[in-house]
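Here you go, one structure.
When the chains are written out, they are named A, B, C, D, E and F in that same order, and each has its own residue count from 1.
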Amino acid sequence: MSNTPTDPPILSHLDESGQVRMVDVSSKAPSQRTAIAEGLVRMSATAYKLLSAQQNAKGEVLNTARVAGVLAAKRCAELIPLCHGLPLSFVGIEFFPDDANHSIAVKTTCRTDYKTGVEMEAMMACSVAALTIYDMCKAADKGIVIEHIRLRYKSGGKSGEWHND
Amino acid sequence: MSNTPTDPPILSHLDESGQVRMVDVSSKAPSQRTAIAEGLVRMSATAYKLLSAQQNAKGEVLNTARVAGVLAAKRCAELIPLCHGLPLSFVGIEFFPDDANHSIAVKTTCRTDYKTGVEMEAMMACSVAALTIYDMCKAADKGIVIEHIRLRYKSGGKSGEWHND
Amino acid sequence: MSNTPTDPPILSHLDESGQVRMVDVSSKAPSQRTAIAEGLVRMSATAYKLLSAQQNAKGEVLNTARVAGVLAAKRCAELIPLCHGLPLSFVGIEFFPDDANHSIAVKTTCRTDYKTGVEMEAMMACSVAALTIYDMCKAADKGIVIEHIRLRYKSGGKSGEWHND
Amino acid sequence: MSNTPTDPPILSHLDESGQVRMVDVSSKAPSQRTAIAEGLVRMSATAYKLLSAQQNAKGEVLNTARVAGVLAAKRCAELIPLCHGLPLSFVGIEFFPDDANHSIAVKTTCRTDYKTGVEMEAMMACSVAALTIYDMCKAADKGIVIEHIRLRYKSGGKSGEWHND
Amino acid sequence: MSNTPTDPPILSHLDESGQVRMVDVSSKAPSQRTAIAEGLVRMSATAYKLLSAQQNAKGEVLNTARVAGVLAAKRCAELIPLCHGLPLSFVGIEFFPDDANHSIAVKTTCRTDYKTGVEMEAMMACSVAALTIYDMCKAADKGIVIEHIRLRYKSGGKSGEWHND
Amino acid sequence: MSNTPTDPPILSHLDESGQVRMVDVSSKAPSQRTAIAEGLVRMSATAYKLLSAQQNAKGEVLNTARVAGVLAAKRCAELIPLCHGLPLSFVGIEFFPDDANHSIAVKTTCRTDYKTGVEMEAMMACSVAALTIYDMCKAADKGIVIEHIRLRYKSGGKSGEWHND
């Protein structure tokens, strides 16, 4: 992530002898950084219908998943070994239910003004929000699939804006 | 998960008034339980090649992801709000690199002899192992996608064996 | 808690030399145990009204507080130094809004079938649920007060049932 | 908390559609911030006397509660879903035993020089210190009550000084 | 740890292909298990004297270290990757100050009645208690050394009693 | 640590009344800070040989210990009661196996640009990396000893450079 566009890509978490270490960000300047991640929870028609049929269900399930996602973003560095801990200035989680395909898209946005990016925080929030939906619907469909967790956007830092469309 | 095959499916984490609560497992008997989850990390050819080209890289990356996955399985109940804490008797994580498609399949197996299943632990271990691979390779490819996180198998408890092929 | 009714009360977390230690529960038998705790969040009329006036507000605030309370119950032993870690078989959190007094009563129920009681888990869940309500309403009223956190009921173990009316 | 004195109060943790999210503090300037919270642990005369009668008891109980409170302040953002993680520059916890009313007042002070306030950290430290006293004295009195957890003072940030007398 | 006395020793955390995994304890029977660990904190005469000279110092420092050690024992499986989470039935920490050598010996005892041993919990409690003493005395002596952290005793399980004298 | 060279040494974590509190760093300026800690894991010849004899063993064991050490550095403030949480800009862990003495030296380097030092983070990383080696080799030698955990170097802050040779 610290390589300029013309550097050959490298696995930045390995040192010269090929062993893992945290990337040293001592000399990096802080900047406003944003990352957006997305994923998809695809379930059976039956499970999807319960979310609407059972009183209050969709609201409670999605709020619970949203809270879980926000909390997971804040604890990302405890779970991803070489991730830097950083102060998040924003975490937002949106859900886009798709009735036709009985799926729920998850979109997470994280922001910091620190020296490293918040890609992992956004990816972690997205994964844990999706897993929480799985957990709360698995009694109706154990075969729910979590699809296409990926980074959609990042800005800030030396490498600037990046889109994944 | 406590419904018998003939019960209509329900969202078991909501009570009669539609509000979230942990499922009460007080009266359930412990049994030997296993869950297996799978997922796929799909990256660019360039990033995939670095795993082989850089000295030692694949071993270090996969070991780190394995350790992260095992640790995440143990902390699953801290992250998934309505998940019961339980003593894991086994966590194993396997990786299957696919050179042709420059992807790595992740397969996680969890076991307990407690009153509730270990599906969420296996799904969490799989997600966090995949996210760790993403983190360690994202300097070479920010667009890595995590695909098809899903449960493959569970056994134990009242509902017995379940396969997802 | 291990004293019989005729023992003089003691501070069980201090050893003979007056120093803290976990109570040794090696020789205690597991039993079904329940604990119920209660507390009260009392806020200004203005803050209370916002919970009803802003679209969706009460549901989101209380669901968030419920999730926070359940998660805190599961992590009680990380926070209360001499508390035993134990597997919770149930955590439920109920809210009773009182329009006349613009307050919300919090009632938490925890269950285990382990060797020690779940009083602290119920008290912790109640406190953190109340603090979460405070956090989400403090923009409207910084002076919200959390009142009367206390144990209402416990059952199980050698000392059996106990009511606090 | 970001409203100026003339804004109508709002529940700042809900977005326009009424769903929870972290408040975005990206554009806020850091400032020296202090928060002071207070609460009261009220116990039976019998339990209170044990604190003085048993050798060393009061010191050990209060030191343990102090340590628990400091640790809880540091982990506040893990427990309160929409609370920002922040670096604490100070946490202090004082106890004021009141022999006449067999109660112990708890006063906690937190400081940061970050973009958001430390009210929740002070309230959390106060609650967990009080709960730890409860835990260590509950063998002598299960009916101990935690009273009047509330914010007493805050300074720093746009809203400046605030007293609650 | 599951090898009988005549098995050749192995590194039990590596599978047949030489990769890490948790040891599978599914088929092991629970038993009463104890582990005792010891270590030594050796400091300068100056630092050691402050513990006695400053009012209250030794009690506060050692109580704080004791609380830190107990809490660390409970979180051992979060820190040691392949360690099983287990319910601790007892954690006790003793300190033996040695005025002549200005050192403090740390002795920790852990107990469980689970399927795996509590050696790591005892070793972790000992290390973190020692590190806490270091932290609290380092203003007076940054060169404090933590010596001889080791297991002294274990009992329970298939391998039975083991002494390290 | 805030005393100038001519101040008499004090136990900075105790206030005037001899009770623990976090040191107030509100008025300290951030600076680039580094700390290096070292320790030694000494094992039997048999256990040490297994690290080389079993396929892949040394790499897997040391990578696992390295990951555990990095993660522990990031969570230091959760474990050491009066330690300030801070953003680590670097954590690196090196191992130096010594075939002649069948021991492994552990050297950890931590960096921050915050207001307090990273000594405790380096010491914690060193201890947990050593404990992880113990855990993974204890099936072959329960008597492994962790020796000489100590600070080797620190720089940054008012007290500047410090060497421990």
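What we mean here is this: contacts are C-beta pairs under 8 Å (C-beta built on N, C-alpha and C of every residue); 3 or more make two chains touch, one makes a residue touch a chain.
These figures come from a predicted structure and were not determined experimentally.
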* Structure fact -> Shared touching partners of chain B and chain C are A, E
* Asked: Which one, E-F, C-E or D-E, has the same contacts as B-C for more than half of its contact pairs?
  -> C-E
* Would you mind telling me which chain pair, A-F or B-F, is linked by more contacting C-beta pairs? => A-F
* Using mean C-alpha positions as chain centres, tell me how far chain A is from chain C in Å, no decimals. => 32
* Distance between the centres, which are taken as Cα means, of chain B and chain A, whole angstrom -> 16
* Asked: Can you list the residues of chain F that touch 2 or more other chains?
  -> 19-20, 56, 60, 63-64, 67-68, 71, 75, 81-82, 87
* Report the residues of chain E in contact with chain F in the complex, numbered from low to high. => 1-3, 9-14, 17-20, 39, 46-47, 50-51, 54-57, 60-61, 64, 67-68, 71-72, 75, 79-83, 119-120, 123-124, 127-128, 130-132, 134-151, 154, 162, 164
* Structure fact -> Residue set of chain D touching chain F in the complex reads 32, 63, 66-67, 70-71, 74-75, 87-93, 111, 113
* Asked: If you look only at chain E, which of its residues touch chain B in the complex?
  -> 15, 19-26, 77-78, 81-82, 84-87, 114-115
* So in the complex, which bits of chain E are touching chain D? -> 56, 59-60, 63-64, 67-68, 71
